[in-house]
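Presented sequentially are two complexes of subunit A, the first with subunit B as partner and the second with subunit C.
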Partner chain A sequence: MVNENLVKDAVKEPYKYGFVTDIETEKIEKGLNEDIIKLISQKKEEPKFLLDFRLKAFKKWQKMKEPDWAALGYKKIDYQDIIYYSAPKQKEKISSLDEVDPKLLETFDKLGIPLTEQKKLTNVAVDAVFDSVSIATTFREELAEHGVIFCSISEAVKNHADLIEKYLGTVVPASDNYFAALNSAVFSDGSFVYIPKGVTCPMDLSSYFRINSGDSGQFERTLIIAEESSSVSYLEGCTAPMFDTNTLHAAVVELIALDDASIKYSTVQNWYAGDEEGIGGIFNFVTKRGKCLGKRSKISWSQVETGSAITWKYPSCLLLGEESVGEFYSVALTNNLQQADTGTKMIHIGPKTKSTIVSKGISAGNSKNSYRGLVKMGTKATGSRNYSQCDSMLIGDQASANTFPYIKSQQANSEIEHEASTCRISEDQLFYLQSRGIEFEEAVSMMVSGFCRDVFNQLPMEFAAEADKLLALKLEGSVG
Partner chain B sequence: MEIIEKIKNNKSDDNLTEIQKICLHKLQSSPLPNPKSELWRLSNKSKLSTFLDYSVNEKDSKFDIPYPKNSQSNIRLIIGENCQIKLIEKNYSIQQLSEDELQKYIKEQISFFKQNENWSDLLNLSLSCKNNILGLKINGSKIPPIEILSHASINSLNAKTLVIFLEKNCDVELLQVNLGKENSSLSQSTFFCLKENSSVNHGVVSYGENRSNLLNSLNVIQQKNSAYNLGSLHFKFNYARFEISIKQSAGNAKTNIKGMQITKKDEQISTYTKIEFNGPNGFLDQINKSLADDKSHAIFEGSIIVPKIAQRTDASQLSRNLLLSNSAQIDTKPQLEIIADDVKCKHGATISQLNEEELFYMRTRGITLTEASKLQLSSYFQEIISFIPISKDKWDLLDKILNEN
Partner chain C sequence: MQSKMKESDPILEVENLSASTDNLPILKGVSLTVYPGEIHAIMGRNGCGKSTLSKIIAGHPSYNITNGDIKFLGENINSLEPEERSQSGIFLGFQYPIEIPGVSNLEFLRVSTNARRKFLNKEELDTFDFEELVKEKLEIVKMDHAFLTRSVNQGFSGGEKKRNEILQMALLEPKIAILDETDSGLDIDALRIVASGIKKISNAQTGIILITHYQRLLDEIKPNYVHVMSDGQIIKTGESDLALELEEKGYEWTDNFIKET
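Here is the complex of A and B:
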């Protein structure tokens, strides 16, 4: 039998990213209306097409209703009680990293993100986003040599307006859903990546999102374009301080892959999840979608979701190009009173398209973890294939695990396979490990890590190690 | 939608039974199911309205039973026709439920009804007149197989209700046959209560003729140590819904379900199952097969609900689908909702076509393509059909499906 006391006595690691950086910020007043949107646009010196895009999205958002179909329960969000723009005050133009407020650099250092290029240890270029604004992007010159554009989306609006105008909102239109419309109206910053034809990005690109203020929402927007025969691996990390209030995070990520291009998008999401009583925590409503436009293009999503009080996230692939490939690898862990409704959509439109879904859900404490996925074969998707596997693990008898796969086929010459299982940590295996002198907690963490192996194998190296540790840490004190 | 109008304008009629009044009252505020709800969103709206267009017919026209009773050992009952039965033998007894028992049980069930989930039942009970409700209490063992027939008459909507109590330690084989007539709608609701240690092999076979419609709902409550085996087959309906709700009221029970639906032309047939475990040690093995050809649409939605109390539940659900035409459509959604941690639950779903290698193998041995596909299909069907009690010889189900045009 599992010794419950042993588990309850186990050390509980506090959320170590919960600190607040004391820095002067520029905030606009709370609330959302056309004037606020115009103000945001004006502050960011945006061209007219973008302001029109925002206003149009806002009009659509006003007519939409917040979705209620997800298996989530949370108190109503007051959209007028949120600050839609908050930025750390700094000098007008930064010519080099030395001019960035040292406090900010310190913050990112504390988070383990080296921004100062001298300190570069890993071969990863980072775009750091603090509240609503991109602070710094490293390795720009090296990337520029290869023709890769990696910058904040605000900069891209100024310097590469043609690309933004061409692609923004083509994968996730403003009217797509309630949160995407809200994001389209008020998005503040985010990352922009453009990989030119035939280029394999020389290093991994990474964005680090940090929410610092308690009353401002974060609405970032990421756009990645991979031209013909190019490839890129992109990593995304998120943390936030501990506040008693719930902070709204509604992001949109759009990926576009042309002929033979491949994009790998990895996320380790560790927003503040609220305390054990469920007070505070981030409400994470994210729309992520990739469009495999070209032939033989490939988009691969891998995610480790451990944070947020509420997670509502379905990274999806639209498989348009012939023989294009979509992948989704996910580990979602919920503990205490966290709720996650996450999964993917694989929409097969073109012929001979393939998709793989591997989802692992772990629910502990009083949490609720749901997988919700859609696999759809359109009438033209001849010879297409999908394989889905979603496994859930329950830890403790208060947590719940749900699986809602929607499968739809209109193409006789295609195949769909789906399998799902739910289990608990096997006592036999625990006993075996313990009898060989492995501590209880360590044994549990080993088994969880084994359960998630298929997904961790897909993560870039640095992330895989981090993810493993993160899960062990999150589960501490909850196993019983 | 004549019926909906009637429901809306309903002023309590003196001829109506109390149950009819309760159900009509429940339907009055929103007479139709919410088309956006998960259970109804894929349902073809125009087909549903065709279902409701026929006028209600409480008296059946005489109909020819496709297979006359050719064996003395079977008991055959036709709902709406010979509702009188009282058989008391040495080993067993089959009797009608008294009016009070029937009322009490149905009222209790209605109290749990939800507008969308049980809309078919509410409609059925508000239309079903006294003559069309059959209540049976079955006791004992070595009971001869029972056949219960329901049918609709041409150009009308018929509602039939069946309530069965299986007493303790009772063991029975029961085949329900729902026959649709040309241009007709049949609303059939069945309520099954399995008491402790009872077991039943239940078959549900529904088939229609041109443009027949069916709303078939089955509510089962299983007490401890009961075993419920269901084999079902639905085909040849313009529009059919089969809604199964099974509740293991105290766990420790076994449920086996093997179901199949076959759609052709522009038919739409759907199966919705909801299995709830309200106690520990429950067992479920479910397989649902669909075959969709031409421009038809087959739907399966199955949910398994395992609350905290249902520890050590072992449940598996498999949805296997064959899509034979590019204009046909299959939707499947097996789902699990689990809170108990010490459980084994799994589900699977596949959508594919006939196996080409197998076809090729048979053709190289001189079997024509048509024959080879038939062989493959018959093995696909056989697993389900062999599970349906007392159908094997008499109802020629396999032959009916394979040679159906």
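Here is the complex of A and C:
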């Protein structure tokens, strides 16, 4: 047993992103029906095809049932008790950052994402999304010089309607699942990325999602298209204030990689997780999928999931193109009463496709952490290969970890390898480190980051350091 | 027991120490005093409490002190955390060094060394300065640089693990080192390396407690005192020739002492 008293005595680090920005917002009434969807579409001045897309999705959603197969338990969500559109009140048209409400800029400053010209991050372009709308996107001109389009999806709908119409919903169709259908009906904003043929995006692109309002859901939609022989690295961060109610977050992310293109998508998810008693926190139901459409294309997901009361998320790859590559590197940490059911799907359709899955689940407190993954080899996936490694680490004796690997092979000439392990931080290991002068908390965090190293190595530099710190913070004072 | 006059203050004083784990008494009144420059050997059968004594001095949380005191440099340390004991200069060389997957040996050694240096008000070392220091110390235990890039003790042979312990001792420069069966599982060459390492690290200011079953380590490092433990007590203390006698006559011989006491 890990020494209980030591643990309880340790100082608790509060969730430092839990503040609320006091800003006048424009909200529509609660509830979901066709009129609400029309209203959202109208507010965003959308073309007809998109309204049709939404209404069709809504019809499908009404016929669908909320999935219950995940190893999660939560109170039924009342979908009529949610506000589906909430935006900070701003001037009609904003032509420069100077016109953005300073309170919003301040909010992102506080989150460590400065947006103003003087302070903006030098090596990353940022799209900042606040509740239902995108506030600002930095480095747009610089990126435009390379032909890279990086803007909010609402803007893309206006300025690049052809690309939206061509690709939206082609990777995650509205009928894909309950939450994807809901998102397709009501999505408000999100990011759009287009990398033209032969271009290596000159800097990392990043979206920062901030939920501010307590009673509205967030339904963002991200679409990334990498044309032939292009490449991009995209980062996503998320935080939310502390409310004692649960907020629904149902996002859809679609990635498309054409011949020889590569997309690296990294997430550090730190939505508010609820308190120790499990009051409040974000319900995070997300559908993320990438389509390796082209030959030798590559999509790599890496995620560090530390927040949310509930996480339901399976970033996946459809490997269509010959010799295309899918990767999934994940660290999911749960503490207190958090629940996570996360993993990936690697669908091998084309020949000689390859996929790698490395999943590290860490459960502390009374939390529940499940890996759920599917590896499927289709009839044409000759000479394809998958390697999966799923490791769980338990901290304390109240936490639980599950691994649910599903393997379906319709192709004899393919290889699937699966390794799994479970370990517990032992008192002997802690004592060994402590007896070398290393403090208890640091000893735990050393072992946890050691356990996650294979995944951290895949993250972009700044993200890896952040992830390491985040994990240490999350575990501080709660190891028991 | 140690009647002759000492010029300096003791490093470690264990006074009538009793301890238990899960309400099972393991130590039943152990007293032991170590002065600077002294080497003590503790011998005894398996289960006599020698390893427990070493763990309690290092602060293992599984044991409760039910009576008595442990003093280090005159201060009672009964309630100090293991890391505080280490930082202040107590070193325990483990009988079975623990494997810690994923944690690089180099980083572990650096963090550990810096924790001790911080306590001593010495400048903490960055990666480059630490590399220099560790290179020098690797010589002492004749270890290859490659050990540093591996995970702590993972996949190390028995001998490599023990040498890694002595490397840690060399880096931490403790006031007192308690070496729990550091000689077990070593071939004769490795034993010589380890023994010469210990001798190089220790000096007139440090104290050493060797816990061992065998004379062969004591041939290399001659102790000032030999203590025989049985059933949670020190039943006999003598000079280095006691170990030889013990080797010759076996532990059965010591059973008589228990009857005497």
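The rule we apply is simple: the second predicted complex is superposed on the first by the 473 of 480 C-alpha atoms of A that agree within 3 Å, B and C clash if a C-alpha of one lies under 4 Å from a C-alpha of the other, contacts with A are read in each partner's own complex, and residues count from 1 in each chain.
To be clear about the criterion, contacts are C-beta pairs under 8 Å (C-beta built on N, C-alpha and C of every residue); 3 or more make two chains touch, one makes a residue touch a chain.
None of the values given here were measured: they were computed from a predicted structure.
When the two complexes are overlaid on subunit A, subunit B and subunit C sit side by side with no clash.
When both complexes are overlaid on chain A, the residue A:Ala144 reaches neither subunit B nor subunit C.
Seen from the C-alpha centre of subunit A, the directions to the centres of subunit B and subunit C diverge by 70°, a value given as a multiple of 10 for the model superposed on chain A. Counting residues of subunit A touched by each partner, subunit B versus subunit C, the larger count belongs to B. Touch criterion met: A:Gln429 reaches subunit C, while subunit B stays clear of it.
Of the two partner chains placed around the shared chain by superposition, subunit C is the only one that A:Gly450 touches, whereas subunit B remains out of contact.
When the two complexes are overlaid on their common chain A, residue A:Val20 makes contact with neither subunit B nor subunit C.
Between subunit B and subunit C, the smallest C-alpha to C-alpha distance in the superposed model amounts to 15 Å.
Overlap of the subunit B and subunit C interfaces on subunit A comprises residues 423. Subunit A meets subunit B in the complex at residues 377, 379, 392, 394-424.
Across the complex, subunit A is touched by residues 308, 311, 321, 323-353 of subunit B.
Residue ranges on subunit C touching subunit A, taken from their complex, read 58-62, 81-83, 85-87, 92, 94, 97-98, 100-104, 107-108, 111-112, 115-116, 119, 151, 168, 172. Note for the complex: subunit A touches subunit C at residues 3, 6, 423, 426-429, 431-440, 442, 446-447, 449-453.
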